[in-house]
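See the structures that follow.
Look for chain A in each of the two complexes below; its partner is chain B in the first and chain C in the second.
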Partner chain A sequence: MTHRFKLSNLYLFLVFAVLYAPILFLIVFSFSQGDSMSHFHGFTFSHYLALLNDTRLIIIVLQTLLIALLSSLIATIIGTLGALGINQTSRPITRNSILSLNNILIVSPDVIIGASFLIFFTALKIPLGFTTVLLSHIAFSIPIVVLMVLPKLRELGTSMVSAASDLGASNGQILSKIILPYITPGILSGFFMALTYSLDDFAVTFFVTGNGFSTLSVEIYSRARQGISLEINALSGILFLFALVLVVGYYFLNQYQQNRRLKRANREEDIL
Partner chain B sequence: MKRLLSLLLGIAAICVLLAFSANKLQSTSGDSSAKVLNLYNWGDYIDPALITKFQKETGYHVNVETFDSNEAMFTKIKQGGTSYDLTVPSDYMIEKMRAAHLLKPLDKSRLTGFANLDARFTNQSFDPHNRYSVPYFWGTLGIIYNDQSIKPEEVQHWNDLWQPKFKNKIMLIDSTRDVLGFSLVSMNQSMNTTNPAILKAAQAKLNRLSPNVKAVVADEIKMYMTENEAPLAVDWSGEASEMIANNPHLHYVVPTEGSNLWFDNLVIPKTAKHYKAIYAFLNFMLKPENAAQNAEYIGYATPNKKAKALLPKSIRNDKQFYPSDRTIANLQVYSDLSPHTIGLYNDLYLEFKMNHH
Partner chain C sequence: MKSKTNNLFYFIPYGLWLLLFVMAPVALIVYHSFLNLNQHFTLDNYITYFKSGTYLMMTLNSLWYALLITVATLLISYPTAYLLSNLKHKQLWLLLIILPTWINLLLKAYAFIGIFSQSGVANQFLTFIGIGPQQLLFTNFSFIFVATYIQIPFMILPIFNSIEDLNQSYINASHDLGATSWQTFRKVIWPMTLPGVKAGVQSVFIPSLSLFMLTRLIGGNKVITLGTAIEEHFLITMNWGMGSTIGVVLIVAMVVIMIFTGESKTRGGVPK
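This part shows the complex of A and B:
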């Protein structure tokens, strides 16, 4: 029994090692004095300093984050409303066909979506730039949010909602007091999925950037012709650390809230 | 509900903050008034210090945007919706863009310093009399060898690659025109041939090279060569100069019988708007001291004769990257072939790659 346990631990360790080794490798080399990833040449912070002086790259990072946050926020709102609407449809045929249309957008290749956006925007004479990138990111994020929120709505079922309306709750109250709190985890995961999709999207973004506006993935890809400088490693290191802090922070926040909720529940029990 | 609302507000606040700081940074890095120039360039293909210098000298703010392939750039410009003022296509792409009416002719009367350019690199077949383009950088295709296992005299010509002793020792750059091209040159044929029979013969000859070919790879070739994974490679001069900088045992040879001569030229696409800024920038880049600084930063060969004279002797006299007149006379520029011929090239090349594995 204990033997099998150890083996599974080893397997887990191996999987994580394989997943994280490239990232660690990248970060380690961001401290190398050399100019390439072939040999480590001794410790330095120079690439981080170069990064700080590269205003263009910093602007692009800020723009990328802005696009990611804003587009996933708007997509989450639209997607959640969409999921509510789909959940309301009574005829299974309508619901299934809307869902299939939604899923087709998720599986169709990014290149095709990007090219069609480019043709669409230029046909409407919308100049490429911030707006077009934002709009296309919102568009490809919405189906993901719908897909994340819908299962939670199914789980909720109809009994709670009918109970609430039987007890005299208005539609607004049902939405804000029953449905939204229940599906919050789905909304949050939809938001974070949209965020990651937007952050690392290259194919769609490439087609719709223009007029001085660019995002990180497009910029890094274009720099690859000359070989990627270690400045990019330094940037990746910082972003990785940032993501790590966010995830760990989110975990502790959750723990804290859960503890508080537990304590409150205990106290109420004591009072009773 | 409250939690969702506060999250929403929080994210909105972060967005405002991000937008504000991005704007602020943009305005400090140059004034964002109407005096702008939109440069659409290859990634990391200009010395950033020169952009700063240009902005200080002229007061124009330069927006740099980057692309990673000629084809991608072509699509973006053709589709419109952008306002790029200058871009840097390679030779065959200039021909293609010209044919598609995507280029605006240069007004030579507004150019100063065009005479600084080496006459050998102007008036090329892809743009007769430079009606549309100003040469930016040029380079060649050649053989890279490692002096630890290969003697220089062993690889001076394309045909040397076929020697049985190089079994499994050569890496090729994954590029249709270049790989078929050097096979064509080795048979004394034009790199722009449209004759199917000659192309088939070139492919048959390449198939005989197969035992010597270790791999057909793209950008990674630089890393493999620096790491001594193979002693021989066929690649472009720009890539070669980077490999040599990282591994002093590597050397670059342009076979005297001929090879490809490539150009990246500055052109004005039809999307251009800021003509004053465009000519200010072209004239700025034609100045010998600026062109020399750029060439030293990028490591490619400059077509600017006066700039070359300003380069350090070690670079200027390097026969690897500034080959002799006799070799240059034998170099060939790719022309834009018909889609049908390009299809034939691609098919034959693909067959060669399939054969290899």
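This part shows the complex of A and C:
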């Protein structure tokens, strides 16, 4: 038994090693003098300094963050409204068909989304650039927000809302005092998810961005096509730290939600 | 009456999104697939697609590679998910599996350019064990390897969730009734975790058809996937009609896969 246990641990160790090796590899070489990723040449911060002096790259990082924050914010608002609407539809057929439409952008390959948006923007004669990238990011983030908010709305059910309206609450009061506080965790996860989708996206942006505007993914792609530059390694070191912070944040958000759920369950048990 | 108007208000932004960014782009891509280079309405693109062996071969090739990637991913992910579910602090370990997906895909591809290069770490290792340096970058092998690497977390997550949902008492019952471990796996565990496997296959196979950035950066243009062909037609040769036709083929492939993998619509709530 202990023998099997060790084998399974070894397997898991290997999987984790393979998953993390390329990332660690990038970060290790970000500290290497020299300019290739084959031999380590002694420790230096020079690539990080070069990164700080690379105004073009810094502007692109800021643009990427701006797009991510703006698009997730707008997508969260529209998606939450959509989820509220879907939740109120009474007929299952309407509801299911809306949900199927909602999921189209989630399952579609990025290339299809990118290509069809490109046709769409060109047909409307919107010049490619910031606007088109922002609109696309909003568009592909909305369905995720809907999917994150909807379960919360279902969990809420109707009894609380009808109780509130029986007690004379207006629609606005029901929304702000009952529904919104209850679904806030769902809205937050939706926003978070939208943020990661936006930061991570390459293909859609690649299609709808013009010459003047670039996001980090597109920039890395064009630099990687030109070959190795350890500045990208330094960048990935910083981004890894950033991702780590985000993931830890997400983990605690989840833990917090679970704790709340547990507490509520306990309270309900106490009442019973 | 009041809630009706309210409902309408919720639906206005969301409905606009459905109309403009879900339905219109799909309709446009289908419409464009019937346009030739002179914007005339014709069936030429489809005739070219089905008559020239190149396009059909490319499609089959792309499907074949997506299949290889999916099978490789599944073979690695299923045991990993199973072993993970037996660990203490499994949620934390799972988070560590997800963490690499938060690193930009382009950065991971870029890391492999360094690892697989002529004097890279992989070749140094091959030299060390006596095989000698090989051409690794720009081969079919490296394309499949990197694609599998990138997709593994998306396969592990849904399988892990379905294993978590599995009731331990079924496994105990199966053992009590005298089934061997293999029989238990084949007759109990596998069928009951099949929804997770299907969800995983869906979220790996479809994107694998369209990984054009990997074919460019890692595959050295030797592997042409449907995604590569679409990107080529839209952004390089500017033959949007033919690009849209391949897009329609990709959409059809996607729908077929969705039907095969059942109703599991969500991606298990993972970032792309």
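Criterion: the second predicted complex is superposed on the first by the 220 of 272 C-alpha atoms of A that agree within 3 Å, B and C clash if a C-alpha of one lies under 4 Å from a C-alpha of the other, contacts with A are read in each partner's own complex, and residues count from 1 in each chain.
FYI, a contact is a pair of C-beta atoms (placed from the backbone, for glycine too) under 8 Å apart; a residue touches a chain by one contact, two chains touch by 3 or more.
These numbers come from a predicted model, not from an experiment.
In this overlay on chain A, chain B clashes with chain C.
Once chain A of one complex is fitted onto chain A of the other, the partner contacts of A:Arg154 are absent, as it touches neither chain B nor chain C.
In the superposition on chain A, contact is made by A:Pro109 with chain C only, not with chain B. After overlaying the two complexes on the shared chain, residue contacts for A:Tyr221 are found with chain B and with chain C alike.
Once the two complexes are overlaid on the shared chain, A:Leu118 sits against chain B and chain C alike.
Applying the stated contact rule after C-alpha superposition, one finds that A:Gln63 touches chain B and leaves chain C untouched.
Within the superposed three-chain model, A:Arg267 lies out of touch with both chain B and chain C [touch as defined at top]. Of the two partner chains placed by the overlay, only chain B lies in contact with A:Thr55; chain C stays clear of it.
Taking chain A as the reference chain, the count of touched residues is higher for C when chain B and chain C are set side by side. Legend: residue contacts after superposition of the two complexes on their common chain; A:Leu19 is shown touching chain C, with no touch to chain B. Of all the stretches 27-35, 99-107, 117-125 or 189-197 given for chain C, the clashing one with respect to chain B is 117-125. In the three-chain superposition model, chain A touches both chain B and chain C at residues 36-38, 118-119, 206-207, 221, 224-225. Partner chain A is touched in their complex by these residues of chain B: 1, 3-4, 7-8, 11-12, 14-15, 18-19, 21-22, 25-26, 28-29, 36, 38, 42-45, 48, 63-68, 72, 75-76, 79-84, 219, 222-223, 226-227, 242, 245-246, 298. Against chain C, in their complex, chain A makes its touches with residues 8, 11-12, 15-16, 18-20, 22-23, 25-26, 29, 36-39, 77-79, 81-82, 84-85, 88-89, 98-99, 101-120, 123, 135, 138-139, 142, 146-148, 171, 193, 196-197, 199-203, 206-207, 216-217, 220-221, 224-225, 228, 232, 235-236, 239-240, 243-244, 246-247, 251. Contact residues of chain C toward chain A in the complex are 2-3, 6-7, 9-11, 13-14, 17-18, 20-26, 28-29, 32, 76, 79-80, 83-84, 86-87, 91-92, 95-115, 117, 119-121, 124, 149, 152-153, 202, 206-207, 209-210, 212-213, 216-217, 226-227, 230-231, 234-235, 240, 243-244, 247, 250-251, 254, 258, 265-267, 269, 271-272.
Those residues of chain A whose C-beta lies close enough to touch chain B in the complex are 35-38, 54-56, 58-59, 62-63, 65-66, 69-70, 73, 118-119, 121-122, 125-128, 132, 176-177, 180-181, 184, 187-188, 206-207, 209-214, 218-219, 221-227, 229.
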